[in-house]
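Everything below concerns the one structure shown next.
By letter and in written order, the chains are A, B, C, D, E and F; residue numbering begins at 1 in each of them.
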Amino acid sequence: MKYVDEFRDAALARGIAAAIAREAATGRPYHLMEFCGGHTHAVSRYGIPDLLPDNVRMIHGPGCPVCVLPVGRIDDAIAIARQPGVILCTYGDVLRVPGSGRVSLLKAKAGGADVRMVLSTMDALRIAEENPDREVVFFAIGFETTTPPTAVAVHAARAKGLRNFSVFCNHVLTPAAIRGIMDSPEVRDLGTLALDGVVGPAHVSVVIGSRPYEFVAETYGKPVVIAGFEPLDVLQAILMLIRQVNEGRAVVENQFTRAVTPEGNWKAQRLVADTFDVRSGFEWRGLGSLPDSGLRLKEEFATFDAERRFAVPGRAVPDHKGCECGDILRGVKKPSDCKLFGTVCTPENPMGSCMVSAEGGCAAHYTYGRFRDHRLAVS
Amino acid sequence: MTDRRLFTRKLDLARGAVDMSHGSGGKAMAQLVRELFAAAFANPLLDQGNDQAAFDPPAGRMVVTTDGFVVSPLFFPGGDIGSLAVHGTVNDVAMAGAVPLYLTAGFILEEGFPLADLKRLVESMAHAAREAGVSIVTGDTKVVERGKGDGVFITTTGIGVVPPGVAPSGERARPGDAILVSGTMGDHGVAIMSTRENLSFETDIRSDSAALHGLVAGMVAAVPDVHVLRDPTRGGLATTLNEIAHQSGVGMLLREAAIPLKAEVAAACELLGLDPLYVANEGKLIAICAAEDAEPLLAAMRAHPLGAEAAFIGTVVEDSHRFVQMETRFGGKRIVDWLSGEQLPRIC
Amino acid sequence: MCLAVPARVIELLDDDRATVSLGGVKVACSLALVEGVAVGDYVIVHVGYALSKLDPEEAERTLALLAETGTGTGALPPAA
Amino acid sequence: MTDRRLFTRKLDLARGAVDMSHGSGGKAMAQLVRELFAAAFANPLLDQGNDQAAFDPPAGRMVVTTDGFVVSPLFFPGGDIGSLAVHGTVNDVAMAGAVPLYLTAGFILEEGFPLADLKRLVESMAHAAREAGVSIVTGDTKVVERGKGDGVFITTTGIGVVPPGVAPSGERARPGDAILVSGTMGDHGVAIMSTRENLSFETDIRSDSAALHGLVAGMVAAVPDVHVLRDPTRGGLATTLNEIAHQSGVGMLLREAAIPLKAEVAAACELLGLDPLYVANEGKLIAICAAEDAEPLLAAMRAHPLGAEAAFIGTVVEDSHRFVQMETRFGGKRIVDWLSGEQLPRIC
Amino acid sequence: MKYVDEFRDAALARGIAAAIAREAATGRPYHLMEFCGGHTHAVSRYGIPDLLPDNVRMIHGPGCPVCVLPVGRIDDAIAIARQPGVILCTYGDVLRVPGSGRVSLLKAKAGGADVRMVLSTMDALRIAEENPDREVVFFAIGFETTTPPTAVAVHAARAKGLRNFSVFCNHVLTPAAIRGIMDSPEVRDLGTLALDGVVGPAHVSVVIGSRPYEFVAETYGKPVVIAGFEPLDVLQAILMLIRQVNEGRAVVENQFTRAVTPEGNWKAQRLVADTFDVRSGFEWRGLGSLPDSGLRLKEEFATFDAERRFAVPGRAVPDHKGCECGDILRGVKKPSDCKLFGTVCTPENPMGSCMVSAEGGCAAHYTYGRFRDHRLAVS
Amino acid sequence: MCLAVPARVIELLDDDRATVSLGGVKVACSLALVEGVAVGDYVIVHVGYALSKLDPEEAERTLALLAETGTGTGALPPAA
């Protein structure tokens, strides 16, 4: 696979790892947050911690759209799916996330709701066309990467005159989340979350460009490196962040130049702007309600808006008792700090969303990395 | 290392339901197998946890048989699909004159099926197997999407061993042979019918579902040379006799008045316009033996609780048309033909 | 959730769609979000949509840098 | 007397469809069994037409195994549910180091299923059985209403005999043992996925569905004391190794670079965000043996066409946590855990 | 079973049989038609021919509502069943009757049509109430016995305000069929169908009484005995007919006095009259179109009339080539006269409706009596 | 098709229905087509509806006649 395999090369990895070890040998710690779940996944799956010196610590960030979706929105989706005649379509990632009473969309499906996994908004549209007497709802979730395909679908539905298609919109905006972290008491006041730099989103930035992250460097003085999701990309970004830290610089750098420009994809951005309005506030798990952090369909697409078409409970629901997802998403706790991790909470019986998505901090650590906890315990 | 370490939370057998992950081959499936099937069926062969069971072959000819069970409803008066899946296959083993030893069980579960119901019928299955003295030594579980199955289907395979000198088979009926049945006809089918929404009537009839190997053991001890043994399940007595007549190239002559029938079964059939000779049994057998063996065989049957109402119902005759005929209670004669079409679907 | 792969465009289809290939596996994807895509281009594909073209020269530059870095000679990439 | 006399009109295998009467136990069912199943599977045991097959037990330990097959779609690149139902069960027999002898087959048919499709897959099944040298000696057919099934489900049970001195079993992996696989991983699952409407992609990958007993025969001849044999079907290599680790109470350490993988399988998994180690195989096996047996075992595997790409992929280690770990191609280390949830439903 | 078992007593049967043998010993033949399928079934199932002397010959009549339904009406029912959203309910008897191309309702069901067997019109109504978004059509067939329950259902549907229930009406009238036989050339002109008397309908007469058959005696000079469906009832009726013949009488006698009166059930008759109109003509298999022989829903129940609600082909379709059902229903041929009987045509592969219903002449003879053909062949 | 059975009314239900019994098997049936039916009466039941009451005296008379006929002493039943 061209442009994939090259970026997983073990020999090159050893070279970068050596450079990191060399350049990080300053006696100080480096606390680097990988914002994206994609990075979290790459770090765990490829065993990147094994290649890093002990003083370079990776902190999982809130960049997993499945993980940050509050329980109440899952409940809403389940409520829609259970209405007679509804086919609820969504991406596979979200099917196993537990809502209230540990009921997930998968369990609702087993209970009779017509829930279908799709790989693309085009599939949801096709299902709507094939089932004119059913209500097809696309449960849209995702960051800026995933939002333009939803916009395309809404426009296509309007063009086709589909009356049985709507979108339950949960698209959220990454800069708002990073601002949420930076403004959190742990970072600003308590200092309990030491943060020396941020590995910035890859595919989000393909769409919105690198510019929207400049406030991180400018306002908060933290270096950012936009990085691809292959393991060499991540290693290189870590090295670039260490260099900025060592040099006392704080700018936005772009490691993922092969697909990211400062401006991003204007066509996609314009389409999104034409389709959605920014919500004044939207609830993020772990970060609370963040201003200007979520999207909803514009008034002119009201008939395609499932929130206006279906009665949903719309209740704010607290996380499961004992689940530390919120703190883990803010980076203030590690998965293994959670008492439920690996005992009560596992991927088969997730208590929180971080244990569901392959990009959630808890799932990534459990699935790929938990042997390290035991190694530490005996060493 | 205990299971607790592998499965962090016990299956919710009270309120849970089957979902697709229970058939995925992953940990959810392993847990279902461990906490439900293996717990209920526990025996040394199964406990090994391999994909197959290994055993030393017994002395004697072996028999193997398989049946799928798709009965609807899953729970019915006198049994459920779990006990039926044991009895049905134990009986097909027994109809070779054999002693049943091992069963295998394949489950096809429908997404959404309540685990509480699954537990109930798995335990019923385990109970039936224990009663019959057979071990369920290996199995398999698949899950299909909602609307692609019907709760639970079970396929069981039975293995048994035949005592020396015993070789009943469907082609061994000979003109002059006696035709015996072990008890009343049609109880199972009527019990199932009484539960069907669009038929529902009230009756005390319960399915006769039972394991017949004990009865058979007594029979082959008394008359090792019994010619034919067969359980008249789907299609009832009529169809099963036609099968045998066809296999053996003979005709049969029955006496209607001799065929044991519960009054309520007769009444239910009258009500529905059905002929009880075509209604399914799950705990009865047909035995065909030389005329001179009929007495001792009947005596052996009646000596067993499951054969208490055994009866001599007719005779094998020469007939190139292989007709099964019957002298009616009324004094006339008629053919008792194969079931054509269906009398009632999904009775086993 | 943001899973995306670089795939080569091997055929343009009507309806603003294309067949792309990743390691010999072919799949259809939408070009509704990109412009000026030609056969032979590499695109970043996410949930069935091409999000952008991939710049082969930049990819080469990054790989070259990675190789140099390993031997301690690499310069830093430019600030964005 | 010929069949013509019993069945006046031949089954319309070109345009007919399954209806409820085909499961009723009556003449329609007898005809389906006769003209389709018995014709395709013909062998002396089956031909007797009894409800069970009787045979003289072979010398040696016997094994029995059962699997249900519910794969969707029924026909896929490289096979169909019929051949799969033979291969899958032959392989579970073979994984005991055994020579497969007999199969039983239980069919659950959905009303409306085209007889032409049924014929195609029954013939494929018969072909697969012939190729594997096994006889389908007894069977059963049930029919469920439209919407209560999904075309065809098949449950097969296999019986085989184990050569003396051979006793592979899941609890016999020991620290220091070598872990081998017989070829590339994930082909079957990717072939199935490529046909799914909502995934559909184009690839030349075909299912690896194949009977492995020939390969196994060569292996146990070379290394009778092979410790573990298992086919990594549902849940793939990862889950199967975890099962073995759990059964044996050991850990494992794999080398990612050593695991055979077709480039197209890797690419398809990349596209779908799947891990090929969790993708199903239907013609591959895992073998675990003492370190000193690894060379001759690998040689024996490579000498057979189905083991040409066999590879030594890792080592059994002591680990009270029973973790299966892997050195990634990239140089790091990670756990290769049980499959949790489902990667893709109905692959077998 | 009281009032059932007594009428199946073998000892009494032997007594009646002896009386018949005694009284029929006149050297002349007696050709007696049992009009009803119920009688046909009883004659075959209990082996009544074995109890009769050779000169008493039973002729099967057209009294099987399933058998006399022309192929075109089956096709119409199938066409209705195949319309999207339709649930077609009907009595079990009719499911296996082959329409054009040998497609039956059962085959249509296997092909995806939603066809359900009911035991009562009440079940069909319940299905309609349980499925408000489906069209439930009751395929009504039967003689005067079965018509009043259909009328009750139509009135109940109106009372309940059911808008998704309708009736595809195929109810027919028995006196018209008897007149058809009596007027047929074989009886009137050719004399090929000798007819000395008629065993008249039991349950039809429960509803309409014995009076409607008086024209048979008065106009055509043939004795009629209304008889129950138990085998002793049939035997007694045969004896009563033989006595009338011997005495040169031709009146309507009533053997089934325990349930039949001259007037019948006035309540049921009134309800039928209030619900249905007599069609000017209706096609009977074997008898052609008979005047005043069928019913349709009155105008005021038009919304419950499936023939007005659904487009049906309404085509007259000839019987299957070689099938002699028509002649058998007229009594001019016996089942064994049909070349297809038992070879090409069997209950599993019926070519005509007479081979389907347990009350059809061919099915009754095949299922219960065909050994007699062979006995004759060798004797 | 005209299958009907004589059953004993054992309980009157609301909605003009009754439970009837045939040889111990109980089933519900409609009384919409008959009048004046009481518990203990026998009715002729067809497709779930009672079509008429059964007259026990007439039944006895018929059976008596049948018995007499067998011995050659029976008179004919009256013309309808």
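Methods note: a residue touches a chain if its C-beta (ideal position, glycine included) is under 8 Å from a C-beta of that chain, and two chains touch if they have at least 3 such contacts.
By chain, with names taken from UniProt: A, E = Hydrogenase maturation factor; B, D = Hydrogenase expression/formation protein HypE; C, F = Hydrogenase maturation factor HypC.
What you are looking at is a predicted structure, and each value in this text was computed from that prediction instead of being measured.
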{"item": "Chain D and chain A - chains in contact with each", "value": "B, C"}
{"item": "From chain F, the most remote chain by mean C-alpha position", "value": "C"}
{"item": "Chain separated most widely from chain E, comparing mean CA positions", "value": "C"}
{"item": "Centre-of-Cα separation between chain D and chain C, whole angstrom", "value": "39"}
{"item": "Intercentroid distance (Cα basis), chain B paired with chain A, Å", "value": "55"}
{"item": "Centroid spacing, where centroids are CA-atom means, of chain B and chain C in whole angstrom", "value": "62"}
{"item": "Whole-Å gap between the CA centroids of chain E and chain F", "value": "21"}
{"item": "For chain F, residues contacting two or more additional chains", "value": "3, 5, 22-23"}
{"item": "Chain D: positions in contact with at least two other chains", "value": "20-21, 26-28, 263, 266-267, 270, 273, 340-341"}
{"item": "Chain E: positions in contact with at least two other chains", "value": "1, 4, 14, 106, 119, 123, 346, 348"}
{"item": "Chain pairs in mutual contact under the definition given at the outset", "value": "A-B, A-C, A-D, B-D, B-E, B-F, C-D, D-E, E-F"}
{"item": "Complex interface listing, chain A residues touching chain B", "value": "106-107, 109-112, 342-346, 348-349"}
{"item": "Complex interface listing, chain E residues touching chain F", "value": "1-4, 6-7, 11-12, 14-16, 18-19, 22, 36-38, 64-66, 91, 93, 119-123, 141-143, 145-146, 148-149, 152, 201-204, 206-207, 210-211, 226, 229, 232-233, 236, 239-240, 243, 251-255, 257-260, 262, 265, 267-268, 271, 357, 359"}
{"item": "Residue numbers on chain D that touch chain B, as the complex places them", "value": "1, 6, 20-21, 23-30, 48-58, 60-70, 72, 92-93, 95-96, 98, 102, 104-108, 137-145, 147-150, 153, 155, 157-159, 161-162, 167, 169-171, 230-231, 233-236, 239, 243, 246-247, 249, 280, 320, 322, 338-343, 345-346, 348"}
{"item": "In the complex with chain E, residue positions of chain B that touch it", "value": "198-199, 263, 266-267, 270, 272-273, 321, 323, 325, 327-335, 337, 340-341"}
{"item": "Chain B - residues contacting chain F, complex", "value": "200-204, 263-264, 266-268, 270-271, 273"}
